[in-house]
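See the structures that follow.
Here subunit A shows up in two complexes: once beside subunit B, once beside subunit C.
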Partner chain A sequence: MNMFYYEPKTFQEACDLLNKYQDDAKLIAGGQSLMILLRQKVVVPEHLINLKNIKEGAYIKEEGGELKIGALTTHRQIEKSPLVREKLPAFAEVFSGIGSVQVRNWGTIGGNLAHSDPAGDLAPILMVLGARVRVISKSNSNEMPLESFITGYLETKLRASEMLQEIIIPLSKAKSGMAYEKESVRAGDMAMASAAAFIEIGSKGITRAKVVVGAVGEMPIRLENLEKELQGQGSKGELHIDPKFDQSIIRMDPYVSKEYKYEISKVKLRNVIQTAFERAKQA
Partner chain B sequence: MSELNVVGKSVKRYDALEKVTGKAPFVYDMFLPDMLWAKVLRSPYPHAKIIKIDTTEAEKLPGVVGILTAADLPKTNHGAGLIDEPTMAIDRVRFVGEPVVAVAAESEDIAQEALTLIDVEYEELPGVFDPEIAMQTNPPSIIHPDLRSYSFSPVVPPAFDDDKPNVYNHYKIRHGNLEAGFQQADVVIENRFTTAMMQHCQMEPHVAVARAEVNGDITVWTSAQTIYGIKQMLCDALQMSSSKVRVIVPYVGGGYGGKVEIKTEAIAVGLAMKTRRPVRFAFTREEVFTSASVRHPSVIYVKDGVKKDGTLVAREVKVILNGGAYSAYGYLTVRNASFGAVGTYKVPNFKLDSYGVYTNLPIGGAFRGFGSNQVCWAIECQMDRIADHLNIDPVELRRKNLLSEGEINVSGETTHSYGTKECLEKVVEEIGYNQPKGESKGPWKRGRGIGLANKYSIAPTSSCAIIKLHDDGYVELRTSADEMGQGSRTVLAQIAAEEFNVEFDKVKVVAGDTLITPYDQGSISSRTTYNTGNAVRLACEDAKRQLFKQAAKKLEAPPEKLETANGRVFVKGSPDRSIAFGDLFIPTMFASGKVLKQGAELLGKATWYQFASAEDKETGQGTRVVAFYIHGATGAEVEVNEETGEVRVIKAVSAFDMGKAINPELCEQQIEGGIGMGIGAALYEEMAFDNGAVLNPNFMDYKIPTSREIPGPSNVKSFIVEANHPDGPFGAKGIGEGVTISVGPAIQAAINDAVGIRLGDMPMTRERVFQALSRKKA
Partner chain C sequence: MKYPLKLHVNQRTYNLEVYPSQNLRDVLREELGLTGTKEGCSTGNCGACTVIMNGMSVKSCLILALQADGKEILTVEGLSTNGQLHPLQESFIDKQAVQCGYCTPGMLMSAKALLDQNPNPTEEEVRDGLHGNICRCTGYVKIVEAVLDAAEKIGQ
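So, the complex of A and B:
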């Protein structure tokens, strides 16, 4: 079967193509997730729209107390960005664990989030940071919290005519810290369990906590009960962390048991909460 | 022995320049004019009857040139010893991935599309996957109802078990008096160990390009490590006489035992004969996993009787190898795996039973180590458990029970060229076994451990070599030893250079073409340096005889008074009386080169035949059962995360006895590579299945270690020990397979040293470590 291939130069051109071909079209950015699906013929698009020439899509800037990252910015650009390293060092750190340098040279932040693999490393940490995404189409442009953008296993709110343009990360002014950890078989493998935490502290201990468990469920999941338990803790320096969560969210996995995934998720949760707390104290 | 000039030196690899410039030929890079592309439709069922195959729609697809099924081929099987495997499924499929229909088309895409148009009707049969269930007297399925009527190799006839219909071979060793041995014992310790199914993961997938010649001959280029074995299997499968089949093997992008059977060749040939056009059949990576051979998963029971002081007095071993759908080289693995329990320790009373069992899984075949990995894993783990039980240091326990030079092993052979002790002491020192442990950080605990290895090499076996001397003083070596990266061409050229006293770069190697290069059993069983190396030495002697005969007249000295160096023949002791090879030739008219007045060419040729003694079928006893044993030891230092079960290898050192290192650097590279592959087996690699279908046929999900899972260059160390073998060329034995074997046991011991758990199942995944830690806490 023939496949038509396009290289739009602007977001507008890309959106026009999407609008025209709708479900018959597929976007490709770094191809680090899509190429596998194309090769296995899991995805067989009639129209393939390559975003690599959209120069306006790759940037990192600070604006109005927020960090704005173009959807086509590669993992490697973010990892190396002095701005990200200065403003969100713990976020910059996450990238070194994604695949290999070769994968990071191609893979984009937009592609990573749009692909919505629960084992991805970026969604959990961006969720605890309260990130938003900008979704555009031929004639619309909307912002929504990342948390509501991700809807399930390889599923998002994106409609056929829509694409991701930008990721917006608010920069906390409070004394805060964050951390992300994953467990993977080899360095750079997709996570079998992961956790992210963001903690703000005041004089009376933790004032705000956001905690996400990644990889084990259909998508990264906020643990609001745990967040509540953390509220107000730590005024004397000690945390009491009991990172249990509803085990029924854990997906079947042919290689590792649910029990083990649960146990290491708890280890990861405990670690990230502790680290985020320490970092907040030092901030 | 006189001083050596080339042997024992780390000369630059013969193929270095070709390989680093990307010019070295590999079959995967090969495309012939007018060539067709082959694709194969494979069984989706682990066990089923084929009711009907309908290819009419596929035939109509434009660009499809030929379709092949078993109906187009002779109804003959092939095999490595037991002739049980059809080229394409005949009326039954026995594993997911078995070839059923092949298509040749103008492009790869058309061939692939044609597969979707083929309709095969199956009737499912019960599948059996667990070897302990398959080997029951009443198994859920009998996988080869015709087993008893298959033909087999006269050199090693199979031993079936009357009451176990899925057992395709049963090898026995009996030595001493087992019962008396157990009676002498102060303690009896019994354990069960397992290992997983692994893929070789060669960089170059299996591939063949075949051309049917107009006179009915066939030429096949293939990525294989047993050029003559492939030729024979092709002759068997296609019922062709041997001179009609020409096999060419250029460089091979990795073998590791996985390229010894006709996975691609016979189908490519069948299609080429049918279409009268050249055909290329190249496996995808997924096909390598589903349809090439694999390392047998194993279940091994070891029961030992020991004295309080640690002396072994009785050992009983039961080895169960999950052989998959066909016996292939696994037929021999069943026998040879046993030698892992023979080569290292002194055991006065011994009994071993090894079973090869058919199941509906991919075919268990040869895999670097050929069964010794599985058996040594069990034996080494068992030694550690004995040490625990008796509260003796594991290294001390080993020292106490090692064989010694001149002692009879449990196969009845006399031990010699036994470098184990030296290897053991070397790694004990280099890993810092007795030094204080490194500091633990947080949940990470440190530990060190040691494991031993032995690897036999097969007998009887043979290799041949041809030497041609050129008028410009060059020495040409013709060999069929397959170069798959291990450096065989380099080592063999070094031996020829040594024999003729010429610089290494004055040797040319002509390799891998059955029309030109003589018989060789192949690059298997760590056998090439020893066997082909011996053949090269003998062929050099033969060539020298021709040379000295011709030179004797000119130099006016008897042949036995002559010697050769740097492309000249000298009268011994008279350096001024010499003649260049070229001066033995006479010029021809019209400047058409030089010719020898007599004998056409200065050609030497020889067969090296490694004999084996008779072997008692009931006891496995013989005086020469194997060609030689490689010995070695590995020391590992690990960090274990007590919270997650993750294991990181911090440092690994191995010492191996290869008899004599013809090229020390190549030996070190084998040892280092073996550590990497050993870490893969120890911690990561395992093919996973759902109802016989491979779940992880790709490098995302099947985890081979990367450079980040293997300690950096300063923390991987290799040491050479040279216990010269009296029969080896310059004392050399082999090295290639031994080096992975002791890595798993050493890591196992190091994990125990770090966190106090004993694991018996490989790979030691973090979940297994975690579970063992949880059990320990409970």
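So, the complex of A and C:
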């Protein structure tokens, strides 16, 4: 089949192309996931739209107490950004464990989230940070929580005519801390289990906790019961953490058993909650 | 349908026509005959296809050839100048950092990108810089030694 290729220079041009070709089109940014699917012919688009020339799509800025990151910003740009290192050091730190330098040099944050691999590192972290995403089409622009944007295994709310434009991370004014850990076969590989926690503390202990378990299910999952249990804890030092969750969400893995994934997830959850709490105390 | 592609590789300019689905590695190897860049896994894990594009190390199997349009590419063939090996290449020989040799071009390109940005890396920084390159023979010790040795030579 013939494949046609486009290089839009702006988001508007990209949206116009998407509006025209709908499901027959596929967007490619860094392509660190899509290139494999193209090669294996899992994805065979009639129209391939390269987003890498949209210069207005790669930026990191602080605006109104929020960090705004263009969808076409590379992992490496975020990792090295002085602004991210200052405002969200625990987020900047995570990138050294994502893929390799080569992958981070070309792969983008928008591509990572739109691909929605449940083993991805960024979604659990951005979910606990309360991030939102801006989704645009030819004539619309909407914001939604990342948590509702991700709908399943390689699935998101994006319709055929829509694309990601921006990721918005609110910056907490409270004493807060975030932590992320993952377990993988080889350092830097995709996670077989991961966990992220964000904790805010006040004079009476934990005022807000967000906890996500990643990689084990069809998508990263928030553990709201655990979050509630953490509420109010920690005013007198030690936390009581019981990171159990519904094991039926755990999917098969080529490397390890579901039981192992459950046990390692609990270890990671306990670690990240403890670390986020310590970081919040030191903030 | 083919599209025009202007590639600057090892300081030579090539005007080509390629299909949208072609990756950069296949164009380097098959259209330009630059077979130093290796095909290992084709899934972005092994790093054997690493080249330097506009100063950044990238995996050429995970880049559309058309995305490299107008960019400066350096492959392992461009490392030596006037028949003189690059210090990294010399150090790889001196430290015996090569066994079967298949991963070596990718290792060299990752190491070059690292030293260009960080001329005096620590051992840990070298290991991080080579993290995306898999070697199944050496166990990495001699490769890391070679990169540190080359950094020292270049610094002198």
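Definition applied: the second predicted complex is superposed on the first by the 283 of 283 C-alpha atoms of A that agree within 3 Å, B and C clash if a C-alpha of one lies under 4 Å from a C-alpha of the other, contacts with A are read in each partner's own complex, and residues count from 1 in each chain.
Criterion: a contact is a pair of C-beta atoms (placed from the backbone, for glycine too) under 8 Å apart; a residue touches a chain by one contact, two chains touch by 3 or more.
Predicted model only: the values in this text are computed from it and were never measured.
**Q** Name the contact category of A:N105: first (subunit B only), second (subunit C only), both, or neither.
**A** Second partner only, subunit C.
**Q** Let me test your reading of the model: by the given contact rule, A:A187 touches which partner, first (subunit B), second (subunit C), both or neither?
**A** both
**Q** So which one touches more of the residues on subunit A, subunit B or subunit C?
**A** Partner with more touched residues of subunit A: C.
**Q** Which of the two partners, first being subunit B and second being subunit C, lies in contact with A:Y153: first, second, both, or neither?
**A** neither
**Q** Classify the contacts of A:Y260 with the two partner chains as first (subunit B alone), second (subunit C alone), both, or neither.
**A** First partner only.
**Q** Shared contact residues on subunit A, subunit B side and subunit C side combined as an intersection?
**A** Common interface on subunit A, subunit B vs subunit C: 36, 187-188.
**Q** Taking the complex as given, what residues does subunit B use to touch subunit A?
**A** 643-644, 646, 684, 688, 690, 695-696, 700-701, 703, 705-706, 708-709, 766-767, 770-771
**Q** Quick check on the complex: what are the subunit A residues that touch subunit B?
**A** Touching subunit B from subunit A are residues 36, 183, 185-190, 254-257, 260, 263-264, 267.
**Q** Can you check the complex and tell me which residues of subunit C touch subunit A?
**A** 1, 3, 19-21, 23, 42-44, 47, 50, 56-59, 61-64, 66-67, 110, 113-114, 128-129, 131-133
**Q** Touching subunit C in the complex: which residues of subunit A?
**A** 2-5, 7, 28, 30-32, 35-36, 38-39, 48, 50, 52, 76, 96, 99-103, 105-106, 187-188
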